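In the two assemblies presented below, chain A is common to both, partnered first by chain B and then by chain C.
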Partner chain A sequence: MDKQRYERPLIKKLESNMPNKFGTRTEYLPKTHIDDVAVTELADKYGSPLFVLSEKTLRSNIRNAKKAFETRYPKVQFAWSYKTNYNDAVCRVLHQEGSWAEVVSGFEYDKALNNGVEGSKILFNGPDKTDDDLKKAITNESIIHIDHLDEFYAIKEIAGNLNKDVNVAIRVNMDTGVYPMWDRFGFNFENGQAWDVLNRIMRSDIMTLVGLHTHIGTFMLSPNAYAVAAGKLAELAIGIKEKFDHEVSYIDMGGGFASNNTLKGAYLPGTDISPSINDFAEAITSALISSNFEHDKLPLLILETGRALVDDAGYLIGSVLSNKRLSDGRRSTILDVGVNILFTSFWYDHKITPAQPFTQYTEDTVLYGPLCMNIDIIRDHISLPLLNKGDKVVIHNVGAYNMTQWMQFITLRPKIVLIDIEGNTHIIREDEKLQNLLDVEKVPDHLKDFEL
Partner chain B sequence: MFKNSGDTLSVISKSILNSYAQVFFSKNQVFAIVLIIVTFFDLYAGVAGLSAVIIANTTAIILGLNNKTIMNGAYGFNALLVGLGIGIYYQPGFEFYLILIFISILTLMITISLEGIIGKYGLPYLSIPFLFGIWIVIIASRGYSALEISERGIYYLNDMFAVGGMGMVKIYEWFNNLNFPEPLRVYFKSLSAILFQYHMFAGILLAIGLIYYSRIAFFMSLLGFFAAYYFYMVIGADISELNYSYIGFNYILTAIALGGYFIVPSRNSVLWMLLLTPLVAITLSSTSVLFAQFGLSVFSLPFNIIVILFLYVLKFRESKVNTIIVVSKQLDSPELHAYTNYSYMNRFGKLPFYSMKLPFWGEWKVTQAHNGEITHQDKWKHAWDFEIFNENGSSYEGSGNKVEDYYCFDKPVVSPADGVVGEIESGLDDNEIGNVDLQNNWGNSVVIKHGEKLYSQLSHLKKDSLLVSQGQVVKQGEIIGYCGNSGRSPYPHLHFQFQSDQAIGSKTIDYPFSSLISRDNNDFKFDTISNPVKNALVSNLVSEDTLKKAFNFVPGNEIEFKTDQDNSSTIIWNIESDIYNNTYIICRSTGDKAWFNNIGDVFYFTYYQGSTNSLLYMFYLSAFKVPLSYYKNMIITDSFPLNVYPNKALLVLQDFIIPFHKFLVADYSLEYYKNDNAINNKKITLKSSVNFGIANRTISKFDFTIIAGKSGIEKLECGQNNTQIVATRIY
Partner chain C sequence: MNINKNIAVSDSGFVFNSTTGESFSVNPIGVEIIEMLKQEKTIEEINQNIAERYNADLVTIDKDVSDFIDLLKQYSLIENQDAA
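For the complex of A and B:
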C-alpha cells in the first residue's frame, strides 16, 4: 500500500453559495495520464515545465472537423493556420491529414515550403507581405489573399515584371452582427471597397480571381455570424458571376471557431457555451447551400481552422514551487509555469488540474508564475485542492498560440513532446539552451573585457 | 447512290471478298482470297460462283439495299454457294449462265425475305437461302433439257491442268496421296466440301486460311468434327456417310458458329457444342432419308436447323445467362469475342445504365446492407441503411439520448441520379431515441423516378425537411431533404433502396451504385458497380476539375503531339463519333482507333484497333481507366482485353486454348502520383503501368506518366525497358 499523502490542515469560511447536495467541491478529476502516458513520468523524463501534444487528439479533431463539413457540403478543404502552432511536427500531422497551409508572413511561408507543402497549396494572408515575399509567392504559384490596395498595386507590378499570372483572392470584412467588427483587414463589403478592388482585379490581365476570403473574428461564440458572412460572400460571388461571367473557385471562411477554453469574464465555462464544430459547419454550409449557387456549381469551401483543432491537443505540465499566504488571507501557489510560456493565460481562465489524486477539500487560490514580475499570474482565482511543493499540475487546452506566442523572458523555453498514436513520446522541440541565445548575440570588441 | 465511281468500285470489291469470307463467318480479306483460289480449282464452278456473287451484289445495289450489309457480303454468300453448287453439277453454256443469273437473283430475294422474317427474332439466316436456291434449281432443271449434268467430277485432273498446268496436277496428286490418318483425311475433305470441292489439297489450303482467320474457329472445327466422328463410331452409324458425301462439313460449320461466332468461346460453349453434335448427326441422318425421296441432298440443312434452334432457345433463358454468353456485338472474330467479352464483362458487364451515386455527401457507414439481419429481408432485401460515425466508432456525441446528438441527423440527403419526384411523405414526427413508429413504417420518405421500373426511395427523413414536391424534376446531387428519425427508426439513419414501383415501400430491386470510394483506415479503394456491404465506409468520388477537363474529349476536337523521337513531324489525333454515338480517338496518319467511354466521373478506354507501336496505343494503355478524381496513393487496377497483347506469337498460342484457360496476363494499374493542382488548374501527375506477362512472369512492362493540366493532357511519357518516349502537346 502506498504511503498516505499528507495534506496540510485547512480552515475554511462557510460559503453561502447555492446549496448543493454534494457541497461545494471541484467537479474535475486529477489528470494523471495524457494518452495513457503518466504525467509524472513525462515530467521526470523531460523536465518541468513541459508542453505535451497528443497526436491522437489532433488527428481525431481534424477528422471530425472534416466529417462535420464534408457530410454537409460537397467540396471542402482545410488549410492549417500556421500562426496557431507552426511546430513542424504539428504542421505535418495536419498536412498528412490533407490540410493545405495558411500563412501570414514570409517566415511562415518559408516554413510551409520547408515542410514540403507545394506553393500552390499555400494561401498567403495578412497585411504584411514584403515585395520579396510576394515575388516568392508569385513564382511558386501560391494564392495571395489581398489585404489592401497597396498590396494590389505591388502584386500587379511584381507579377508584371515577372511576366507571370497570379492567382488572387481578396479578404473581405463585413458586419456580421458581432462586436467588435473586424474591419482592419481586407476590404469592406458594405461600403463598396470590395467591389472596387474586384473590378480592378477582373480588369487586370495578369491576375485571376480564384476566391473570396473572410475572417470575421477570433474565438467566435456565435455560429450565426458565420452564416451571415457566408451569405455575404456568396452574394459577392454571384455578383461577380453576373457582372463578369467569372466563377470563383472557392470561398474561404477563415477561422476563429472557439475552442473549449473559458474566456476571462465569461459567466459559464467554455465547455458549456462554445459551439461545437458541427454548429459552425451547419451555419456555414446551410448559408452557402441556400444561397443562389446552382446545386452542382457550389464553390470549394476552405476553412482555416486553427485553434479549434489544436487547442485541446496541447497540455502544459508544471510543478508547484511554493505555497504562500497573501496579506489578505488568500492562499497563493507559485508554479514553474509563467505567462512567458503560457501567453493565453492573459485571456483564458485555463482549466488546471493536479496530476495526482486529491481529497475533496479545496481552497480558493491565486496561481502565480515563477517570473519576478507582478503581471505573472496564471489564474487569479481558482479552486484547487491542497498542493505541496513538487506536486505536478496539468494545464489544459494550451495547444493553440502558446507555442508560437511564447517568449524567452527571464527563463528559457521548455521542451515540447508529442505522444504519437501508439503512445510513444517524441521530443518535437528541444528546450532552449544558453548557447542558443549566445549564438545570435554579438558583443562589440570594446565591450568584451571588463573588470569588476 | 454513291458519290463517285471509286466508291462503287470499293463497295463491289469489298462485297465480293466478304461474300466469300462470310461462308466461314469471316470478314478476313486474306482468307477470302484463299477461298476464291480454292473455288477456282474447278474453273467453271469458280467462274459460276464469282458470277453469282457479282449478280447478287449488283442487284442488291440496284435495288438500293443497305450499303453496309452489301459490303459485309451478307447478301452475296448464299448466291455464291448456289453458284458453286450448280457450277459443279452442270456443264457451263449459255443456258447455264441464264439460269445462274435468275437463280442468283432468286437467292438474293430469299435472303432478304429471311432477313426480314427471322431477323426480327434476332436470328441469323445462315445458309437457308442457299438451300432453297439450290433445291429449287435442281428440281426445276430436271425438266430443262438444255442443262447437262457435268462430268468433270470424274475428270477433275483435266481441270487442274487447265488451272495450273502439270505442276498443279503434281501438287494435287502429292497431297491426295499424303499418308494422313483416315479421320484427318475426311476432315480436310469435308472442309473443302463446304466449297463443293472434295480434295485434300483444297482442304489443307482452307485449313491454313481458317487458322489465319481464327485459331479458335479452326480448333472448334476440329473438335466438332471429331466429336461427330466418334459419335458415329459409338452409335454404330455409317461412317461412310461422312466419308462418301463429305456431309461432315455440317459439324464443322456448327462448331464454328456455336464455338465462337455466335457464342462467346468458353468452356461452356465448347461443352454445349459437343452436346449438340449428336443432334446434328441425328438430324442429318433423318433429313437425308427424307430428302432422298426427292432425290435431293440435305447439304447444310442440319447445321442450319440446329444452330438456329439453339440460338432461339437461348433467348428464352431467365437465369444462368452468364454461363453461355451470346455475342451481342458482332466483331466477326471468335478471338475478339473471347477477349473483349471477357474484359467487357469484368469492366462494364453490370454497369448500370443510369449513373447512380450515393445519396449523401461525405463519408457514411453502411449499417445494414442487402439481406440485412434486421429489416432488409424478403421483398425489401435490396436496401441499405447509412449512418455517420466518428473516429472512435461512435455515431453520436454527448449522451446519445436525443436525435441532435447523432452525427447523421439533419445531414443533407441528395438525389442519387436525375429524376422526377414521385410519392412523398412528410410531416411525421422524428421519434425519440429508442422509440419506433410502426404505424408509419417508412417515416418521411421521397421516391424518385429515374427510369421505367427504376425508382429510388429515401426514408426516415427529418420532419418537414423535404425540399422537393411531387412531380418536381431533380438533378443528381441536389438536396431533397435531411436525414431524420421518423418511421420505424429507433435512432437517426438513412434508409435507401432501389425499387421497381412508385409507391413508398415497393419491392426492392438489385441495382448497384455506379462508382464509389470505400475507405479502410487510410487506404482508399475505388469500386465500380458496387453493392456496398455492411460496415463499409463509403463516399462519393470527389471529382477533380483538371482531370475532368483533360479527359473530356469532345468529338470534332483535334489534339496534336510532338515526340522527342521525331522533331520534324507531329502526331495529330481527331476525336470522332460513329452513328451509334461511340466515341473514339483516331490517329490521322495511321488510322489507329481507340474507343473510349466517359461516364462523368470515370474515363475508360474500351477498345483499340491498330498498330502496337503508335503513340495512340501508348495512350490507350496508359489511360485505360482513370477515375477523374484525386486520391493520393489510391491504386486503380484493371485488365486489358488480350487482343492488344503485343507479342503476337504468344497470343496465337493463347488463341487456341482461350476457351479453357487464360495464361496471358495484361494488367493495368494507375496511381495518383502528384497533385500540384490547388485552385486554378495546375498540374496533376498520374503514373500508370502495364504488365504483359505469362502467368506470373513479366514479358514486357510499360511505365507511363500522364501530366494533365489547365489545357488538357499536356505530356505523355512512355517507358518500355530502356526506351523512353516523351510526347508533348502542341497548341
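For the complex of A and C:
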C-alpha cells in the first residue's frame, strides 16, 4: 500500500478578532512550472538557488509597453536601462525588440558596445563619467546626458581637443509633487539651473543640444507625476525653440514605472495598486500632445523603463534548509536564498510560493536566508503552507536589480537560466566558482607559507 | 502526558478549550496525534505509527511531533503533571 503524503502536524490559534479562516483554502496554487518547465527539474539540473528568466514574459512586456505608447504617440523609442539587469542575454532580447541602450558608467557603456549597440544608440547618463569615458562616447557619437556643470566643461574641453562635435542632452530635475524630490541628479527646473546650462550649450559651437532628459524617481505609483514632468520638459523645449530657434529632437522621460511587487508596509499588494503601463503612457503622451508643440513637430519620446519590463520575467528558486521554532513560538524557515542575492527583499515583500502541492493549512512564518547575519531576512512575516526540508519555493518578481546588485558574500552567486520562447533552457550566467575569486586576489610572498 | 480534560476535538480539526474559551485549528495529522495522546500512547509509539502510514522518515517525524507537542504545551492543551 502506498503511504500517504506527509505533512507536518500543525496547530494554530484562531484569533477571536479575525474572521475564522479555518477550512478555507489558501488563495494561491503551487508554482510547479515556469513557462511549462518544472521547477523541480530546473533545481535538479542547475542547482538551488537558481535565477530563472522567462524570455516569453520579457518580450511580451516590451511589446506591451511599446504598444501602450505607440498607439498614443507618433514617435517612441525605448532605451534599455542596463543597471536594471545587464546580463547580456537579457540586453540582447531587448535590443532585438528594438531598444537602444541607457548606461550610467564606463563599464555599462562597454557592455552595450560589446553587445553590438551602435554608439549613436547609447544614451550615457549619470554623474560619473571619466574623461576616458567621455572621450570614448564622443568618438563613438553617443549621446551624453549632462548631469552637472563640471561635466559640461569636461565635455567642452575633450570634444575641443578631439575636434569633434558632440550631441548632448541635459538631465533635468523638478518638482512633480512627489516626495522626496530627486534633485541630486541633473539641473533643477524651478530655480533656473536648467536654463543656465542650456544657454551655455546653445552658445557652444561644439555641442548640439539634441534632447531633454529626466528621471523623476523609481517605483513611482503616480502617473500624474509623469504628466507634470512631461509638461515641464515640453515647456523647456518650447522655450528653447522660441529663444534660439532650435528644436530638440527628443524628450526622454527616464524610467521609474512601478512593477507588480509589493512595497514593504503597503497595505495592498502591488498587483492591486501599481498603475499599468497604459496609465503611465496616457499621462505622458497626453501631456506632450496637449503642450504647445506644433502638431507635426512633436519630439521623439524616449523611455528608459527598467523594472516594469523585467521584474516579473525573473524568478528565484530556493530550497528549504530547515524549520525552526522561535522562542516566542513563531515558526521560522531557513532558505538557501540570502539577502546577498535578493537585494530587493530590503524594500519588497516578495511573493513566495511553494513549488509542490500543499494543503490549505498555513502557518505564520519568518523566512530567513542562510547567512550568519541578523539582517538576513527574506520575509519577516508571511503565511505559508507547511514546508519540509528540501522543498522548493519560487520567489516572484525578482528580475530587476537583483542580478546586478547581488553580492558575493559568504556564498558564491548562483547560475542564471533563461527559458526561451520554445521552452528550452539556457545557462546565461554560470555559477561563481572559488577560482573566479582566486583569480583576482593576490597573496604577497611573505604571506604564502605558514605553519599551524 | 495527558491531553487536558476540557479539550474538545472535532474530526474536522477544530479544537476548543472550554476552560479558556480559546479555539484552534489543527491539520489532519495533528488531529491523529492528539487522538493518540488521548489514548495515552507514548511519543515513540506515535512516531512509529505515523512512519508506518506516511512517506516521511522517523527523524523528520520525531522532530515535527516534538515541536507539535511543545506547542500543545505552550497553548496549555496538555496537562503536564509528569513533566519530563
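Operating definition for what follows: the second predicted complex is superposed on the first by the 438 of 452 C-alpha atoms of A that agree within 3 Å, B and C clash if a C-alpha of one lies under 4 Å from a C-alpha of the other, contacts with A are read in each partner's own complex, and residues count from 1 in each chain.
We adopt the following convention: contacts are C-beta pairs under 8 Å (C-beta built on N, C-alpha and C of every residue); 3 or more make two chains touch, one makes a residue touch a chain.
If you're wondering where the values come from, they're calculated on a predicted model, not measured in any experiment.
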Partner chain(s) touched by A:H381 [first = chain B, second = chain C, both, neither]: neither
Touching partner for A:H426 - first (chain B), second (chain C), both, neither: neither
Touched partner set for A:K164, first chain B, second chain C, both or neither: neither
Chain B versus chain C as contact partner of A:Y361, first or second or both or neither: second
Partner chain(s) touched by A:E70 [first = chain B, second = chain C, both, neither]: first
Which of chain B and chain C A:Q4 touches, first, second, both or neither: second
Superposed model, chain A: greater residue contact from chain B or chain C: B
Partner chain in contact with A:R325 - chain B first, chain C second, else both or neither: second
Shared contact residues on chain A - chain B and chain C: none
Interface residues, chain C side, partner chain A - complex: 12-15, 22-30, 33, 50, 53-56, 60-61, 64-65, 67-68, 70-72, 74-75, 77
Residue numbers on chain B that touch chain A, as the complex places them: 360-364, 388, 390-392, 397, 407-408, 410-412, 475-479, 539, 542, 676-680, 682
Footprint of chain C on chain A - complex, ascending: 3-14, 22-23, 323, 325, 329, 359, 361, 386, 388-389
Chain A residues within the chain B interface of the complex: 59-60, 63-64, 67, 69-75, 100, 118, 120-121, 141, 143, 167, 208, 210-211, 249-250, 276, 278, 282, 289, 295-296, 300
